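In order of appearance the chains are A, B, C and D, and numbering begins at 1 in each one.
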Amino acid sequence: MQYAISILLSGVSLGGQYALIAIGYTMVYGILRLINFAHGDVFMVAGLMMVYLTASLPLAAAIPLVLVLTVLLGFVIERAAYKPLREAPRMSVMISAIGVSYLLQNLATYITGGLPQMYPEIPGISKTITIAGAPTKVVTVVTPVLVLVLVLALTQLIHHTKVGMAMRAVAKDFETAQLMGIRINAVISVTFVVGSFLAGVGSVLYFTNYQSIVPLSGSLPGLRAFVAAVFGGIGSIPGAVVGAFIIGLSESIIKGSNWSIFSDAFTFALLIIILVVKPTGLFGEKVTDKV
Amino acid sequence: MKQTSKKSTWMTLLFVAALLAVVVILENVLDPNKNIMVFTALKKGAVYALVAVSMNLLNGFTGLFSLGQAGFMLLGAYTYAIMTIPAAQRDAVYYIYNGSAINFSLPELFGGGPVGLVLGVIAALILGGCVAAVVAWLIGLPVLRLKSDYLAIATLGFGEIIRAVFQWDKLGPVTNGANALKSFPTFSNFNIQNAGGETVLRLSTFMAFLLAGVCIAVIVLLINSTYGRAFKAIRDDEVAAEAMGINLSRHKRLAFVISSFFAGVGGGMFAMFANQAQAKTFTTAMTYEILLIVVIGGIGSVSGSCIAAFLYVAASEWWLRFLDAETFIGGVKVPLLRNGFRMVVFSVVIMIVVLFFRKGIMGDKELPDRFNRRRKEGAAK
Amino acid sequence: MSENVLKVENVTMQFGGVVAVDNLNLEVNKGEIVALIGPNGAGKTTAFNVITGVYQPTNGAVWFQGEKIVENHPQGKMKQQYKGEHAGDYPQVLAPTPDKVTRLGMARTFQNIRLWKSQTVFDNVLIAKHCRATSNVFTATFRLNRKEEAQQRENVLELLETVGLADVKDELATSLPYGKQRRLEIARALAAEPQLLLLDEPAAGMNPQETEELTSFIGGIRDRFHLTVFLIEHHMNLVMKISERIYVLDFGKLIAKGTPAEIQNDKRVIDAYLGVSEDA
Amino acid sequence: MKKFFAMLLTLALVLSLAACGGGSGGSGDSGSGSGDSSQAPADSGSGSGDSSQAPADSGSSSGDKVVRIGVFEPATGDSGAGGKQEMLGMQYGNKETPTVEIGGETYNVELVYADNASSADKAPTAASQLVSQDVSLVLGTYGSSSAIAGGPIFGEAGLAAIGVTCTNPGVTAGNDYYFRICFLDPFQGTVLANFASEKFSAKKAYLLGELGNDYDQGLLNYFKQAFETVGGQCVVDSFPTNTSDFSTYLNKAVAEGADVIFCPVSIAYSTQIVKLAASMGLETPILGSDTLDSNKVLDAAKGSGVKLYVSTFYQEGGSPDFDSGIKAWLNEDSTAMTNNGGDDTIAAVTAMGYDAYYVALEALKAAGSTDKAAVKAALPALTYTGVSGDIAFDATGDAIRDTAYIKTADNAAGAWTLETVQTVK
């Protein structure tokens, strides 16, 4: 019983953290039709920045600074690596994303010297508590709540502000939105800013739970979050969140079973199955090609 | 038109033959230890060239963005290794599992000795390709219906699944679980030794070039055949291709299977190069490396992929190595140089290529095209 | 029956709640040139897409050379949404892919030109021959199909000469002027050795002189290759001059059929084109 | 113009990140001071700074003869941390004894580095690099699969290699040119299994390793064999590469009612596992192999109630001279300190690297020449008493060792204390 609860708890908190990353994927994909492979690495870099900044700054200053820097990083990546390729074939942009991911990982290896870095303890959420006999951290409980709050705020932003409307328009039809005078680049930048911000928050939660950061720390959570986004229906924010919780829970359950070595394989098998059976995911909209 | 194309075919053949001859001569004339870097880089370059060309067949010529190359290489590498480890060595290699489930080795089945070695190695490589091809056929059924980036992510996931399966200890008696497979024939086994055990003729680099060369030649022949033209039609415009009677699913699967076949052969050759086969080597990072080679060489150019493979290997693992070492010039430490800096510089270079030289080295042209054009321009003047 | 090459029978194509083609019936006889006309958005291209297998019709059947090649009835969600008639008449499901339809002997061109951009004029036509090749991938790779390949190349060259593109055969397809690209698309369709040629607005974007040339060109190839031609067109000059019979589509419905002279005087056609109010 | 702007942005990004890391590199750990790793002034000592590509420096020692020893170690990748610590031992050895008498002449010893990036696909080129630089013998590598991939290259070139801490039997088996000075996986697995049953009277063990890592899986296998022969029961589990969520695994161990947890995983994972165990308040003892003998792991356990036991090659205090010497060096050289993980705790691999360096010197002396064939010929008969014990090679080139140290983490002091010395005959 206690075991089952601990598995559920870990699944829920994982799911929440994946959700925050998955939103970044799903928003970018919705607008640019680009799998932003570097997103997971932005998440990792956010973690590393926290490690380095807390060494010289108090936590209260470091956290906001990390979020600002993460947002800046997302913005710069978009401007430097994706914007010049706006007219290029989709494959080129994706390759550029892979290149950025490669660069961030190598940079992290260079800076950390490949040594695992310990994430600082954050008072309040790092504390260990016991729920129904299962020990866990406060962050586990905080995560789903925070995710809900952020997602609600984000849906408000998307449905009730001008920039949100612009985002929906661009996602629906890139060219037409452009013709209608929507400043595409600004909208895309906002998307990256929001996505990176959420990744930054996600990294604080994630690394408070799993404290060691290595240059590859971002790649696997990133891929899983992407799978979650696809699962929920790419482009749909509620879809990404639901997908993330499903992926987080199922990962946790598989790890708890005797088939734990296939936990990654299972995630990807799930992805392939959903893509083949229902390519639009749980909440995605159907798009037909015109001849 | 016909004449010139025939001529350029001959020129290419001649060029390749000359290249092979140069490789043999160099390998036997140069001091093998002082210049081992050259030959190691050449061998790895040859292997990567083949894999990059096979990826280009899919990504560049058929327009299918697949990221499963490392997975297919893994299949080829394991098949090759399992088929060629000498029976006597099996207990030592599979020491954790108290011996292997498979107790024959192809070179020995073919009678051992030099003939058995050559036949066995070639048969095992082809078998490796076939295993990769069969798996590609199976996963191609569902996956190839997906569009561009979904296909990419699905094949990427497939690579991860394959890796997990091969690392599964229940399959240990066949795959050796997490342990590396080793002791199988490598390129060095093709160096001819005299009775005293001295090497009289070095053919290891030559073998790598020959095998990769033959495979690449077959791919080039395919690309220039009616099927290759159909692939290009699919890449350029799927709807038009289908309207002109090209069966999309059949041709896509064909390209996928053939590409995987050669990735499998390339994987077998990679095992020969790396002296061991271990699932954890064949990561997504490896696929990315190969993809970057394809991009640097030019998507849709076979010769570009070949040139880029050698450049990439040489640059990343040889020429830029000095960036990793802390260096003093006149007693002053050069800033930034330290372990890991090489890869940072390298990835910046890659980003610059991706962003500003999007066509890569060759664009979608081939080497002979370039010469032909120059000749034409010369004639025009 | 053997006389008609193409027969469209009670075809309805419905996208969600929108009926793009409504209970369409038409026939094209051997050797004829038949035009399908109608205002923009009337469902002409959709009809073409149903015939060539790009879309699966919601209901109805398509016959080609006396053989039923397409058939469908409303399924799944469509059962409730279906607004057309004859729902029970087509129990089978036949849904060939476009390539199969082409190999049966039907080739088409596109409204917005779809040439293979990176290929030369010659290769564009040669690739269309692929569907008639008998070689498999091995014989093709190892050049065991030399005879066939040479034969194909020769045919393509002849074809290019017929359509007057032989002098630009090594140019990139996209570097040709617009009129020639249209012509190349037709040549490419011819290379697939069809009995029925479907042309989707072949004169779109052409000036009067080019249209004039095209008119005689279409007639010419029909005679030369013993074709049947079914075309969608807006240029009334061309349509009236060339076609033997005309079908008129408006809002997915067939509103008139007949000879050019009959159509020119049909009140409903004139209303449709001039936009007189609909009673529905 | 736009392109230029984009390029500028990219550059700015790269530089700012590099500066951010460089500026505070190494200070991530408490109490390490703000050791700057990248822009360290040239005080890093000739031992660590020198490399073959430092023409100015080799010029300064002109006149003396130079003998080169290849260092085939990972500086990046999963095993980068361990590789660096192993190199520290060699570097310290080199600093202590920078010259060697060979055939009556004094040679300067120069260490030549090649980073194999902990990866079997980079190992052959790294090995080739060393061969081409004309080294007399090679030391390394941390991580057996790189050793297996590089081994045949050395073999072909007739160059002897001395494995320092590559414990997989496959490294030396079938390769005449590979030697090693450490014990092997079967030995280590058995030692720990016996320890578990003797110390904790454990009946059930939870075994956790990284999927596809031969080191982990090999040890799990031997532990299981040995533990089952003493009447224990094992639950074996593996996690996929790059896993960072270990809570499920630890919970599973608790749920299974395991008496001990055995996780011979690499440093990157073990720090996470130990840290997590600490925050969970896990009471089950954790047993680790030589990879866990790292100050990073110690750091993770510090201040908690985790019971951590590791088997290792060396225990601090085994050689007081060595201990104090290397600590002094670490404290004075900030780069070395950073590479050691930010403090001056001595890892066993460092001691092994140190011994390996001296074995190499002995081999050169015994050979009486810098010729690699002579060095190789001299190795099998060599004996040397290092800080980690007596070293001699058996017929396959493996070290003849029968002793392993088992240490436990003193979480209050943040130091290792010797638990017991296990011997298996």
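The rule is simple: contacts are C-beta pairs under 8 Å (C-beta built on N, C-alpha and C of every residue); 3 or more make two chains touch, one makes a residue touch a chain.
All figures in this text were calculated on a predicted structure; none of them were measured in a lab.
For chain pairs B-C and A-D, the one joined by more C-beta pairs in contact is A-D. Closest to the middle of the protein, by Cα centroid, lies chain B. Between chain C and chain D the centroid-to-centroid distance comes to 71 Å (mean Cα coordinates, whole Å).
Centre-to-centre separation of chain B and chain C, using mean CA positions: 44 Å. The distance from the centre of chain A to the centre of chain D, with each centre set as the mean of the Cα atoms, comes to 35 Å.
With centres set at the average Cα position, the gap from chain A to chain C is 47 Å. Multi-chain contact residues of chain B (touching two or more other chains): 164, 167, 239, 338-340, 343-344, 348, 351, 355-356.
For chain D, residues touching at least two other chains, in rising order: 3, 6-7, 10, 14, 18, 22, 37, 75-76, 80, 211, 238, 240. Touching two or more other chains at once are residues 80-81, 84, 103, 107, 109-110, 113-114, 219, 261, 264-265, 291 of chain A. Against chain B, in their complex, chain A makes its touches with residues 33-35, 80-81, 84-85, 88, 90-92, 94-96, 98-100, 102-103, 106-107, 109-110, 113-114, 219, 223, 226-227, 230, 261-262, 264-265, 267-269, 271-272, 275-276, 279, 291. By the touch criterion stated above, chain B contacts chain A in their complex at residues 59, 65, 142-143, 145-146, 148-150, 152-154, 156-158, 160-161, 164-165, 167-168, 239, 284, 288, 291-292, 295, 299, 338-341, 343-344, 346-348, 350-351, 354-356, 358. If you check the complex, the residues on chain D that touch chain B are 3, 6-7, 10, 14, 18, 22, 37-42, 44, 48-49, 51-54, 56-57, 75-76, 80, 113-115, 119-129, 131-132, 134, 145, 148-153, 156-157, 168-170, 173-174, 209, 211-214, 216-218, 221, 236, 238, 240-241, 335. Contact residues on chain B toward chain D in their complex (touch as defined above): 32-37, 39-41, 44, 89, 92-93, 95-96, 163-164, 166-167, 169, 177-180, 182-183, 186, 188, 270, 273-276, 278-281, 283, 286, 313, 317-318, 321-322, 324-333, 335-336, 338-340, 343-344, 348, 351-352, 355-356.
Of all residues in chain C, those touching chain B in their complex are 52, 54, 97-100, 102-103, 107-108, 110, 114-119, 123, 126-133, 135, 137, 140-143, 145, 149, 152, 170, 188-189, 191-192.
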